[in-house]
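Just below sit the structures, each encoded as structure tokens.
Next come two complexes built around chain A: one with chain B, the other with chain C.
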Partner chain A sequence: MRLLSATWADMRFQLKHGFYLVYVIITITYLIVLSFLPENIFSVTLPLVVFSDPSVLGLFFIGGIILLEKGQGVLMVLVVSPLRSQEYILAKVISLTIISVLAALAITFFGQYPTVNWLLIIISTIITSAIFTLLGIIINAGCNTVNQYMLKTIPYMLLFLLPCLSLVGFPYSWLFTIFPSVAALKLMLGAYHGIYWVEATALTAYLLGFCYLLLRLTVKIFEKEIVFQD
Partner chain B sequence: MIQIILFKNDIKQIVRDPIMALLLVAPVLLISVFKILEVFLIPFLATNTGFDITPYNAYILSFVLLINSGMLGIVTGFMMLDERDGNIAQLLEITPLGRSGYLLNRLLFASLLSIIYCFLSFGVFNLVDVPLLAIIFISILASNYTGIIGLLIYSGADDKVKGLTFAKGLNSLVLFAFTDLFSLTWLTILSWFFPPYWITLIIKSPNSPVLYGAALLVHIIWLGLLIFRYGRRES
Partner chain C sequence: MNFDVQEGEVFGFLGPSGAGKTTTQRLIIGLLRNYNGKIEVLGKERSNWGKDFYEQIGVAFDFPNLYIKLTARENLQLIGAYYKNKAEKPDEMLDRVGLLPEKNVRVENFSKGMKMRLNFIRSIMHNPRLMFFDEPTSGLDPVNAHIIKEIILEQKKAGKTVFLTTHNMTVAEQLCDRVAFIVDGKIVTIGSPKDLMIEHGKRVVKVEYQKNGTLLDQDFELKDIGNNSGFLNILKTSEIKTIHSGEATLEDIFIKLTGRNLL
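Up next, the complex of A and B:
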């Protein structure tokens, strides 16, 4: 119940701050650009667009959200409120993931991609969004300004996104699947280009396990370096 | 004189704060990433999909310039937002520097960097043949664009989160740099009112004085309106 209320409150906050509106604009922008791409480029670009923007939006926004709430004293109230740190974090993850999923579905639907596994799109977007939002909370530790946060995200982004180039394919490139971003992108591409169900299940299980571990780590860092440091 | 002292202090702040220094070097990183993509991705696309990107060179260059200038604008906008939250802006405004001096100081710094990175981009990406005069003019427009983005974020956002929302939305402005490709009349007409469109157009036709005039007019109107809004908001 507390989690539900916190999620609802976060969603209202995001609506008030124009998150939904800005993603309508961004979705339209992408759709205009995608509609002019040749067929062979479009089939590769659309999954990459969904992976690189809606799925990663949590990383972009979470820094500002936490810094603002820190400044407003919300995090100090959190210490004495019945809402647990884990619930606070999960509410942020869920609310931002909802925008991610809606944007991903809208881009795919209106982009009129011919063959789509909708369930896989939803699963891969949820997992990718959760990973990047949790990563954003970890990066946020020790930041005092948005500029600091944005700069600190660069090495993490490189660490997570550069291995994705391994999907181009070269000897032993499958080893890069150990990177959660590569596994998530494989799952996402599978939703559009087709994937064996065994591989999809294995990737989903691996990513869910990683998400769980990342959540535990995030809660620890959040309490130690963000809440109590404050 | 006070401008120079503050400018010197800004440089000191940047040199002392490694995060700020790195942030200002970030465009170099971005230019390097794009260069790597140019070297590896373009031949890869040509080999695997037969897609020839040469006709789009002007658009790629424009995209790099706009992303760099926009990024510097976003950094400036957030720097000003932070200073507003920390009441530093108000403190500076009651010094002899004044409100306009503060704004000039903030925008000038990022704009100068924008000019430097613009020249760097032209040097690194030898994609389009553009005369020096046009490069100088485009760098002035790019520096203007930095100011526009910084002011849009600062004057449009009440807090950091709204600032981020603005920053995200403002990235969509880059679309106007590509509207020529879409052949949509309504979109082209709409693009006339936005700076990115003109930057691409000048890269494509660097010898047209009419375009120079129109581009300058659009940029000055945007910057003028935003400075006017800043003055009204702060008073």
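Up next, the complex of A and C:
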């Protein structure tokens, strides 16, 4: 019940601060740009755009949201309320995942991508959004300004997004699948270009396990840095 | 530091900035974990309490912590949703602190005083047993400060316990059953404001009177004042301007005990 209330509170917060409007504008911009691309580039670009939404954008959004909460002092009130750290974190993940999934579906639907596995799009977007939202909360834990957050984000971005280049393919490039971002992107590309169900299941299971561990780590760091400042 | 707060008591924690008031409060609230010694709150060692502890306490910090893009009512609804005890009549509470007409106004358009009032009712809307207020009347005009003080006394009447941190000696004197003075992490004295004021005051009566067009004043020992002929003579023959007993103010006591001014 508290989790539901917290998710609802987060959605209201994001709506009032214009995050949804930003998402709509970005989605429309993506669709306009995509409509000008030739067929062969479009088929690769659209999945990448959909992937970048919950990852790169998500990372910046969660940073902004928590900094706003810190600035307004709301975080202090939540800390002394019955809301558990895990519920606070999950509410952030769920609320941001909802807009990410809506954006992913809108871009794919209105972009009129020919072959699509909708279920896989939803699964990969949820997982990608969860990973990067949790990562954003971890990065944000020790930050008080936008500049601090931006600077701290760069190494994480490089660590998570650079390995994605391995998907162009080279000897042993499959080893990079160990990076959760690569696994998530593989799953996302699979939703558009086709993927064996065994591989999709294995990637999903691996990523869900990673998400669970990342959630545990996020709760720990959140409590150490934000809740108990001792 | 060793002290206890009784159930149904308003306990004032007074002292200059950096004295350790906030740290002590944070320890009791549970925001600092590593401590030596014992902190028993609501019948249980603090470190043994989980998040359920917060169902039973209310905290209002000395600065407003509100969703500024949401309205007053939305703020109460969103935070209130995390408690098992739901606020039964949020509009009545808003009305009590004069915010009902602005219930649908975004908090970003509120003055500091309005934010403080909203912050205050948000901290008590779940009907907590134990409340922590940090400078609850800060930024409020006398009328609104009076309303907040009245609500605090009503809470006390209802058997609730209040832990009040303040620099405002008048507020402490008006509200607190007992106060503790904190300096450099230590309690230098503790007691009821009245007892402390008498204990640290002078046992005299100061009379200000006018005689032959001149304003004069004189101190008389309180002991056996009814038989003090000089005092009685002034009362009979002069025009009395003021009469004051010589008890100390809480601020006097603080300065006397610490050699420091309240900041």
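Operating definition for what follows: the second predicted complex is superposed on the first by the 226 of 230 C-alpha atoms of A that agree within 3 Å, B and C clash if a C-alpha of one lies under 4 Å from a C-alpha of the other, contacts with A are read in each partner's own complex, and residues count from 1 in each chain.
Throughout what follows, contacts are C-beta pairs under 8 Å (C-beta built on N, C-alpha and C of every residue); 3 or more make two chains touch, one makes a residue touch a chain.
What you see is a predicted model, and the numbers here were worked out from it, not measured in a lab.
When both complexes are superposed on chain A, chain B and chain C fit side by side without a clash.
Legend: residue contacts after superposition of the two complexes on their common chain; A:Ser5 is shown touching chain C, with no touch to chain B.
After overlaying the two complexes on the shared chain, residue contacts for A:His17 are found with chain B and with chain C alike.
Of the two partner chains placed by superposition, only chain B is touched by A:Leu151; chain C is not.
Note on the composite model: angle chain B-chain A-chain C, taken at the C-alpha centres, equals 90°, rounded to the nearest 10.
Of the two partner chains placed around the shared chain by superposition, chain C is the only one that A:Val79 touches, whereas chain B remains out of contact.
By the touch criterion defined above, A:Leu67 reaches chain B but does not reach chain C.
In the superposed model, A:Val33 lies in contact with chain B only, and not with chain C. In the superposed three-chain model, the partner touching more residues of chain A is B, compared with the other of chain B and chain C.
Put simply, the nearest alpha carbons of chain B and chain C end up 9 Å apart when the two models share chain A.
Common to the chain B-facing and chain C-facing surfaces of chain A are residues 13, 17.
Listed in rising order, the residues of chain A touching chain B in the complex are 13, 17-19, 22, 25-26, 29, 32-33, 36, 38, 40-41, 57, 60-61, 63-65, 67-68, 71, 145-148, 150-152, 154, 168. Within the complex formed with chain A, the residues of chain C that make contact are 29, 31-34, 51-52, 54-55, 57, 59, 61, 63-70, 74, 78-79, 81-84, 122. Interface residues of chain B, counted against chain A in their complex, comprise 19-20, 22-23, 26, 29, 44, 49, 51, 75, 78-79, 81-82, 85, 159-165, 168-169, 171-172, 175, 178, 181-182, 187.
For chain A in complex with chain C, the touching residues are 2, 5-6, 8-9, 12-13, 16-17, 72-74, 76-84, 227-230.
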